[in-house]
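What follows are several structures.
After this come two complexes, each holding chain A, first together with chain B and then together with chain C.
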Partner chain A sequence: MEDTGTRSFVERLLQLDRRWIFLGIALAVVVPFLVPGFKMRSGVVSPRTQSIYDTINGLPAQSVVMFAFDYGPASIPEMQPMAVALCKHAMSRDLRVIGVAIHPQGPLLGGQALREAAEEYGKQDGVDYVNLGYKPGGAAAIKGIGTNIYKVFPTDLSGRNSATLAVMQGVRTYDNIDFIVALSSTPAPFSWIAFAHEAYGAKMGVGVTAVMATDFYPYLQTDQIVGLINGLKGAAEYEDLIRHPSYGMLGMSAQSVAHLWIILTVIIGNIAFFMWRARTRG
Partner chain B sequence: MEPGEAVATGMYYLSGPVIGTGVAVLLTLAIYSFLYADNPVYKFAEHLFVGVSAAYGVAITYHMAVLPLIIDPLFRPQNTPSGQPQYWVIIPALLGLMMFSRFFRRYDWMSRWPIAFMMGIGAGLAIPATVQTSLLPHLYSTMQPLAPMAEGRLDLLTGIDNLLLLVGVVCVLIYFYFSLEHKGVFGVASRVGIWFLMIAFGAGFGNTVMARISLLIGRVQFLRFDVPEIFFPPSP
Partner chain C sequence: MKVQVPIAICFIAGMIMLVKFFIPHYWSDRLEEELLNWARIVGAFALVLGISSLLRTHVEKIRRRRRDYGYSFVTLLAFIIACVLGIGWGLDPPSPFDWIFTYVFAPLDATMFSLLAFFVASAAYRTFRARTPEATIMLLTALFVMLGRVPVGDMLAPHGLFVAWAAALGFCIVWAVYPWLRHHTGQAAPYVGLLIIVAPVMVAFSLYLAQSASETTEWLMSVPTIAGKRGIILGVALGSIATSLRIILGIERAHLGGGGGS
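After this line comes the complex of A and B, so read on.
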């Protein structure tokens, strides 16, 4: 009787309605936001994120950084905190920031990140930063910046002549851009690495959604990129580094609880499976 | 009318941000209702999303590509930095229009020209770039010394690291080599290759889980922080 009871429990576990697991994930994500003061330790900052922070931190004032906003609304939870943190860091260091995009929805989200940072640090559009907007053509557009940025982006997003903007003075090719960070939820960073770094020697970092991050680890090992910001965790690390906790850090407690729940269900599922297999074979 | 006054009179709740946020809340809940069971509300939200995304893409492409790259240089040169008409853009514009010939069976052969042009450009850009960016640098970085020296002494940990890299690359390549039967030493190496692949897939899966949970977190943050801020603004 006891054996049958145990077996039926294992079988019931293996046939558990998956909606119970969904409910567990929902609770794991929602509850940390409802419990006041709930916070799980976010962990150490990875050397990959630290490296991008150190590179920007090491640039002298008025250096030029370019952020490529190649993502759309579907990846806002991971990419926008990253973009905002990078813009805030660059502007807090008095760097000139150029925003570009080869993804059609990028300029609007990039523009929001630039404006949010500019408002905080009192920076002026066209003088301290500019949003050059979207350029179709992908790789061809990235390659074009290597010969003359004004042929690729003759005007900025607002229709102003790019060449006449104060922020663009002295900027013509990648030689005049000190650091590029390709922020993307698409394979665009591969093109940035190929046509900005390999073809013109531009110094680069990459920020991507977590689902894409493993694709870029080989480029870290070959030193083709100096650093990699990996999804929401990377965004939280960057917010931690610049001491500006926001949506990235806020989300990491829920992320940790959800991961614990998933690990627990994987372990329980495996134990149940091996018990069931041992009994059916025995 | 001041914002505070609008809240007091109730007009605030008929403003764009409030209505937009309300629609976003309903659509978020409609999409997540699929987790319980497929239903018409989910289907409606899904179709709405596809339609709005397509329309948004068309509008963005028109305003950020067609207007500044075709209309302005041809018909409104005063909006361009040079101020002069640029008639050469007629050629890419025509090639672009030829793409639409696919909608007419009699003329769909015309679409092959721009497709051939794009394939030529794409291959010309991608092939050397892939060799230069991915193949060669990654080959070089695989060739690491098995007994590296650091400050005149053997760096054992880096040596183990490099050995693992070598074993991993060779065994995974053997796994994908199908001209020899996978048995004996070859079979063992192939199975080791599978283990390396499984570890790589595990890392990929872990990151995928993190990415998907992040999307849910984004929606919960919207419902928890952004919605109350819009629906219940500070009193005047």
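After this line comes the complex of A and C, so read on.
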């Protein structure tokens, strides 16, 4: 009887209703957001994130940085904290910030990040930063900036003539842009590296979702990019570096608990599997 | 003519861009700039084609009253509303389009993507089993990367996690290598001897990496993973060069429509 009871318990465990797993994930994600002050530090800051931070930190005031917002709402949890942290860092250093996108949903999300940072540091649209919006054509648009940015973005997102904006003074090609960070949940950074960096020598960093990060490690090892912000952890690391804990760190807490839950379920699943196999072989 | 003219255009444009790369001159830059303008205009027309295809598909679905045709109504209605609001009031906040994007589209899109976490957790529970030595190595590595990607990993790492992980990994390597050795040498390899060699290596390896879980994860991602990745990248690059040359030289004609390559 006891054996049958144990066996049925193992079988029940192997055929566990997936709604229990869903419930565990839901609690793991939601609870850290509901508990006040539950913001985990990012852990050890990766040298790749540190490198982007150091590059921006080392630029003199009024240098020009370009952020490519090539992601959509699906990747907001990972990408938006990254974009906000970068914008805040650049504006805190009095850099001029140019936002562009070759992803159609990027400009509105990029605009939100730019405005959030600008409000905090009292920066003015058109003077200290600009959102040039979306341009179709992908690699052609990126290459076009190398010859004349105003041919690719004759107006900004609000329809103003981009050449007349104070923030754009002295900016014509990649030669006048001190640092570019391609933020993306798509393969767009490959085009940025191939054309902006390789063809025109632009200095570049990349920020991508965690699932894509390993695709860009080879470019780090060959110094084609100076740094890499890797998913939500990278965003939390950047928030840690600029001492602005926000959604990156909050998300990191939720992700920590969710990862622990998945690890726990995998271990339970394996224990049940080995018990079942030992019994069926026996 | 229908085939020759597009092939000729493709050949000329391809060769110009190829040769231009090696001639950094004012006129070659101007020529490239002009061609890139054309490329962007052609790219914009692709958007028009995409929209017309979307509309045709859904109108047809409604007309024929196909299954779930109600969703097509929603698609068309959303398309019309987004177009009217975007063209009529612009994109800048506080425009109605920005409101819809921020409070309707963005949460819906993020929600759809977030469902992935639930399915991944369920799939991991059901399929991530240590059935073979190779599967066990993958399982241990995956679990470790999961720990290394969150701060909790760094908190747990100093408490013997590395040694336990390395010992388990070492055991799996012996488990995987032993039958292979026995098969290829034709004699029973000294199992204990192998274990004696692997175990100290794994302990030394764990001590070397025992700074933090995130450092180990970085090592896993930047050394063994990249070793495989580089091979894939080189293969893809060579394939891209071959395909580009086939298109420029008119050997590959699938992009012209109506069939595959020659």
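Quick note on the criterion: the second predicted complex is superposed on the first by the 272 of 282 C-alpha atoms of A that agree within 3 Å, B and C clash if a C-alpha of one lies under 4 Å from a C-alpha of the other, contacts with A are read in each partner's own complex, and residues count from 1 in each chain.
Criterion: a residue touches a chain if its C-beta (ideal position, glycine included) is under 8 Å from a C-beta of that chain, and two chains touch if they have at least 3 such contacts.
No experiment lies behind these values; they were computed from the predicted model shown.
In the superposition on chain A, contact is made by A:Ala258 with both chain B and chain C.
Once chain A of one complex is fitted onto chain A of the other, the partner contacts of A:Gly159 extend to both chain B and chain C. In the superposed model, A:Phe22 makes contact with both chain B and chain C.
Look at A:Gly144: by the touch rule set out above, it reaches chain C but stays clear of chain B.
After overlaying the two complexes on the shared chain, residue contacts for A:Ala194 are found with chain B alone; chain C is out of touch. In the superposition on chain A, A:Val30 makes contact with chain B only, while chain C stays out of contact range. Once the two complexes are overlaid on the shared chain, A:Arg172 sits clear of chain B and of chain C alike.
Contacts of A:Lys203 after superposition on the shared chain: neither chain B nor chain C is touched. On chain A, the surface touched by chain B in one complex and the surface touched by chain C in the other have residues 22, 25-26, 29, 74-77, 105, 107, 133, 136, 140, 143, 159, 199, 210, 213-214, 218, 221, 231, 233, 255, 258-259, 262 in common.
Chain A meets chain B in the complex at residues 19, 22, 25-26, 29-30, 33-34, 74-78, 104-105, 107, 133-134, 136, 139-140, 143, 150, 154-155, 159, 161-163, 190-191, 193-195, 197-199, 209-214, 218, 221-222, 224, 230-233, 247, 250-251, 254-255, 258-259, 262.
By the touch criterion given at the top, residues 16, 18, 21-22, 24-26, 29, 40-44, 46, 72-77, 105, 107-109, 111-112, 115, 133, 135-138, 140-141, 143-144, 147-148, 151-152, 157-159, 199, 210, 213-215, 217-218, 220-221, 231, 233, 236, 252, 255-256, 258-263, 265-266, 268-270, 273-274 of chain A touch chain C in their complex. The part of chain B that touches chain A in the complex is made up of residues 35-36, 56-57, 60-61, 64-65, 68-69, 79-82, 121-122, 125-126, 129-130, 132-134, 137-138, 140-141, 200, 203-204, 207-221, 224. The touching residues of chain C, when paired with chain A in their complex, are 21, 29, 32-33, 36-37, 39-40, 43-44, 46-47, 90-93, 98, 101-102, 105-110, 112-114, 117-118, 120-122, 124-126, 128-131, 139, 143, 146-147, 149-154, 211-215, 218, 221-222, 225-226, 229-230, 233.
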